[in-house]
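One structure coming up, written as structure tokens, with questions to follow.
The chains carry the letters A, B, C and D, assigned in the order they are written, with residues numbered from 1 in each.
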Amino acid sequence: MADKPEIGIGLVGAGFMGRCHANAFRAVSGLFDLPRRPVARLLADATPETAAASAAALGFARATGDWRTLVTDAEVDVVAVTAPNALHEPVVLAAIAGGKAVYCEKPLSTTAASARTMMQAAEAAGVPTLVGFNFLRNPMIRLARDIVAAGEIGRITGFRGRHAENYMADPDAPHSFRTDPAGGGAAADIGSHIVSLARHLVGPILRTSAACTTIHRTRPVHPGSAERAPVEVDDMTHALVTFEDGAAGSIEANWAATGRTMDLSFEITGTRGAVAFSQERMNELLLWSARPGRQGYTRIEAGPDHPPYGAFCPAPGHHLGFNDLKVIEVADLIRGIAGQGVLYPDFREALAVQETVEAMQRSSASGGWEDVLPP
Amino acid sequence: MADKPEIGIGLVGAGFMGRCHANAFRAVSGLFDLPRRPVARLLADATPETAAASAAALGFARATGDWRTLVTDAEVDVVAVTAPNALHEPVVLAAIAGGKAVYCEKPLSTTAASARTMMQAAEAAGVPTLVGFNFLRNPMIRLARDIVAAGEIGRITGFRGRHAENYMADPDAPHSFRTDPAGGGAAADIGSHIVSLARHLVGPILRTSAACTTIHRTRPVHPGSAERAPVEVDDMTHALVTFEDGAAGSIEANWAATGRTMDLSFEITGTRGAVAFSQERMNELLLWSARPGRQGYTRIEAGPDHPPYGAFCPAPGHHLGFNDLKVIEVADLIRGIAGQGVLYPDFREALAVQETVEAMQRSSASGGWEDVLPP
Amino acid sequence: MADKPEIGIGLVGAGFMGRCHANAFRAVSGLFDLPRRPVARLLADATPETAAASAAALGFARATGDWRTLVTDAEVDVVAVTAPNALHEPVVLAAIAGGKAVYCEKPLSTTAASARTMMQAAEAAGVPTLVGFNFLRNPMIRLARDIVAAGEIGRITGFRGRHAENYMADPDAPHSFRTDPAGGGAAADIGSHIVSLARHLVGPILRTSAACTTIHRTRPVHPGSAERAPVEVDDMTHALVTFEDGAAGSIEANWAATGRTMDLSFEITGTRGAVAFSQERMNELLLWSARPGRQGYTRIEAGPDHPPYGAFCPAPGHHLGFNDLKVIEVADLIRGIAGQGVLYPDFREALAVQETVEAMQRSSASGGWEDVLPP
Amino acid sequence: MADKPEIGIGLVGAGFMGRCHANAFRAVSGLFDLPRRPVARLLADATPETAAASAAALGFARATGDWRTLVTDAEVDVVAVTAPNALHEPVVLAAIAGGKAVYCEKPLSTTAASARTMMQAAEAAGVPTLVGFNFLRNPMIRLARDIVAAGEIGRITGFRGRHAENYMADPDAPHSFRTDPAGGGAAADIGSHIVSLARHLVGPILRTSAACTTIHRTRPVHPGSAERAPVEVDDMTHALVTFEDGAAGSIEANWAATGRTMDLSFEITGTRGAVAFSQERMNELLLWSARPGRQGYTRIEAGPDHPPYGAFCPAPGHHLGFNDLKVIEVADLIRGIAGQGVLYPDFREALAVQETVEAMQRSSASGGWEDVLPP
């Protein structure tokens, strides 16, 4: 693709995340100066009708009811996968077979075995991959990583992380793909976000002791149904973790956290400082300052000092939003495919996240500490 | 335009706000279900070359170095004005003369006289108008207005508002259009935002006693220049205000507020409750709850309960950003032009804001209370 | 008194503030290493019976129903005045005539004329005086003052202060001494606190333009009474102020601020930084830090680095409370009387505060700016 | 003692906590209406000289260099123990043998075995006991407990607790009693506070899986010494916990938490709401409110609605401090001894806390879940 000014996008799936991808591809060229211009070429959805309607709304040139035609389409360079989790593996493997770059929504898979299959296929084929852990794209997370990596807060000793939301807090929230025992549960669904952040900021997690708890033991089989079926997945998982570099701490994933809508948060403690963050205030990073008599947490507000904030606004304090993170991700995708910078998190990293989640699940079953299998 | 599925956009100016408009027009159809689809038809900038480059980056079909051809172009239905303030009046009047709907960045003008000329021309011609006070579009501001309008916090007694930033805090920040005595100063530049919010939430301001203060009495004539020239505009303005409905309070505009990047904030006190907000945490609204023994400010997080948040994300707590406010504004523009809903703030409202600012400036000169002239 | 190890305390008044004084005198020797030991010698209250009961509860050796005997009692060295405001002048003047040091609760008086009489009598007699503006004693306020005085935030340009509470927000809150036209009103009652802080931190206020507003125009004549009488004092006052050193800003006093219980707060802006504080979080001071890429407000927590916090607790973060401020005040009183350090705020300073409040009231009546009369 | 108006206090130890006790006993009668009046009768410290000096400063009538005489002194009704941890058991057992009520600082002991010995002796002798977990006395904690106990937030599902401070974060912080392997470590020293709160609010902890981590493996043998010795206790402990009533969660104790001075904090999640608290803002409780469209955490400020706040101040928002909590504890002690109310936490509860801490330590050693032994 090195000599092409355009890069053709094929989108599989047109739900909320599909729309989010489409809007990001449309917006990115107006905000970032990129080596390629993404062009919305082909959209696949469950039926030709829904695909056509979504293509029209989202600005895609063509539509199809069969994703199998998309992954071999000559005009498609990148396959963006926002289909239901259960479809990730077949779509991704077919796209890899088609020689396409693959940009897959998280989780890459709900099982490590499946993620490993995809990772190995992609690495064997040499196709670029990226997985949509978009919270990593926040300029404040980038700042946190820079601070940690530069040793600004000393050696890291402790990590306290959490992803807590309340969307399954209601005992009458029904069964869905989320509660499918094949891979659902809070640990997998949102635990992957905080594990991904922990790895990004502090490094690999080696061992874990975890407890997966099912708060609501039955749920309606369908929305509004009086019939209830047992729940086999966790509503919340609490885990002790030890990192490769010696830090220790805890991670919580909780989708029944009444009162929390987006507490994807952490505090990282070092020997000389600390940083703290919550997605609830995604435009702020707390950095502890040790100046004598003036010690305290400094609330750093996002601004042009914190790339790539300046691509969105030249003035500090004006705030990025959730959808902007996806635009940053897409910019990184385009650059990575064009050979500018490393694509991260790729399939191998996504597998490492999934292995960490599965070690937590194994630990809960065994009652002891479990090693995280290497990706 | 009622029978046209598309609505042609002509954009005058391609600086930061021009880009912000362009991105909003591109994104809006993917996020909102609108009666018309905006199409980026023609972009005018200072020269044909810069116009062409911006048109390519921002997805406009054609470009011109002369805005006079844009305002009469047959394919243009809406003229979006993001040119420098000094150009607002000629562009706007020409667009009105061309029968176009006019969507003008704030401030409509730096003087009430000029704003009145434009308002009268638009009303005489019957063209739709909208002015880009985009902070009003925040779902949390809409919620605050609903709470106040419904009497949920009782009769409004007090208003404490402020727009404080730090971009002119440095005594070596140079002269620019901002310090032009014809209309610059903090009161006009950012005071208009908090006045606009005050009017939107509490109603017309009738009288004011104000003090305009110039902190740095000289500034470099150009960036980095050793030559300094006197400053004739205010760096900060503090005003006492009384509202039509009897409430009283204070307003501050300050562009030399060291440490503040976007403190567009208010506290509205009613006889039975209060609401408070700061743009620094634009996804939150504080609402005082009077429940006995449980009294306190409730921090409401933005979510799908607060329209039009749901157009951006189906889950609460995920945050809108600054650029999203412009998308909401553009959606309201398209709907208003199509006859769905009232266009607000229109030129008349923008004039009322400007008259309020000028009453503050007059009061500072006279040393007494001044009436705000009706729009 | 220089050769006496003990210092005899006579307390006039045994309401909430009298009890607060008594407890402070009892606690202070256990917390501070002082040159004199205060001894609770004599307590005066409205009747011999209530005085005797309070003396027993509060640890005073003797009691009297007549304050006139207290101010001449040989065992009394310091007269602490916590009687109703209307009694301040006669008690204080008699105590001065008796040669006693006088420690008077704020406000020294509800009129500048009366405060001036007391100030002149005290200075003529050469007796030590202290007025109980106890919020000034907070270690965080002392830190703020040190920061400002050392030029750490540059030249001060702006002050935004407020004292807002809600204790008169209810329209059925009845008339009391607070609404007595002789000196009541929010400006006098709590405005004096924020004026006192403003003077302490930024210096004398020279001029003001203010608006005093009566929100509830009638109130019950007694608690629960159906009969209502007009209110002649303000419920809230908003004032523009200019300081001797050139700073400008605003001050609000509001006792009908629904939702606020103790918003005695300020933000002081300098050319190189800023500090912000609210009594609602009295153990914190916000200090803006300008470190590039790490700019933001640092939340400094009170600790032993901030004298005299360490007298109460050797560990940071453990918090002082409201009553502790009175203990610090009493420690300063004992030291000042013993010749260690300056007694501040003395009667002259309390007069200056009252003159500032009265200039606000005059301005509200005249509609123009008013000079503050010198103390 | 039922017919005595006074209650004689004997204090063992005159360090920071001894002074804190003494001040609380002096202040309590002026703030609370109690059935007995505590009188400071006898103070024991390491030597007759230091005891005499402290007795004078703290208002005790007599002094002794031998605590053995204090525990049998006829004028002493309550023995308050603030001596070093290693002395708790002999002093307490002697006081019990002397038939005294015993009021012991936390931790009752650094081992469960010793705590059990004291508990059994006290219960056999029938003497009243109280242990100084003073953070439980906070009106905001009382409010949290009332909210949980009343079912106001539904069935409790999750607990996330922490006590993090930074006083041992410095690798050159020397060895002391804190690092004595006989009972030191962060889990015992401050973990006991958060375990005590967890039990108070959510109930007994049945099982735990924990990791005790030593961050700094050697420390100076004395302050400033170049010689270092190995550290055998934990700097931080992370624990998974399950409660008797089915809730699950995590607890962290960390004395090397750079940037934290007093993060004794928790979030308790229920099926219908949640409460959150941090000692860093000890006058606030966050309570989640589920009102549709107005959902959010309400920041409740302490006030007279929250007993016994009103004993300190009649107005809300004025704040209690750390030392006030000890006054409340002493009031509860006097009432409990007089038969008004239950003494809590007594020795049995303190033993239960210690057993919970020891189960965490056992789990860290065994690598598996451990049951908490019943008290």
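Following the convention adopted for this analysis, contacts are C-beta pairs under 8 Å (C-beta built on N, C-alpha and C of every residue); 3 or more make two chains touch, one makes a residue touch a chain.
These are the chains along with the protein names UniProt gives them: A, B, C, D = 1-carboxy-3-chloro-3,4-dihydroxycyclo hexa-1,5-diene dehydrogenase.
Just so we're clear, the structure is a prediction, and the values are computed from it rather than from any experiment.
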Touching chain C and also chain D, the following chains: A, B
Chain whose Cα centroid lies at the greatest distance from that of chain B: D
B-D compared against A-D, more contacting pairs: A-D
Chain A and chain B, separation of their C-alpha mean positions in angstrom: 35
Centroid spacing, where centroids are CA-atom means, of chain A and chain D in whole angstrom: 42
Interchain centroid distance [CA atoms averaged], chain B/chain D, Å: 54
Touching two or more other chains - residue numbers and ranges from chain B: 260, 297, 301, 303
Contact footprint of chain A on chain C as seen in their complex: 143, 287, 289, 292-301, 303, 305-306
Chain D to chain A touching residues, read off their complex: 153-154, 157-158, 160, 162, 169, 171, 209-211, 213, 215, 235-236, 238-240, 242, 248-250, 252, 254, 256-260, 269-274, 288, 297, 367-369
Chain B contact footprint on chain A (complex, rising order): 16, 19, 22-23, 26-27, 29-31, 57-59, 165, 167, 260-262, 279-283, 301, 303, 312-324
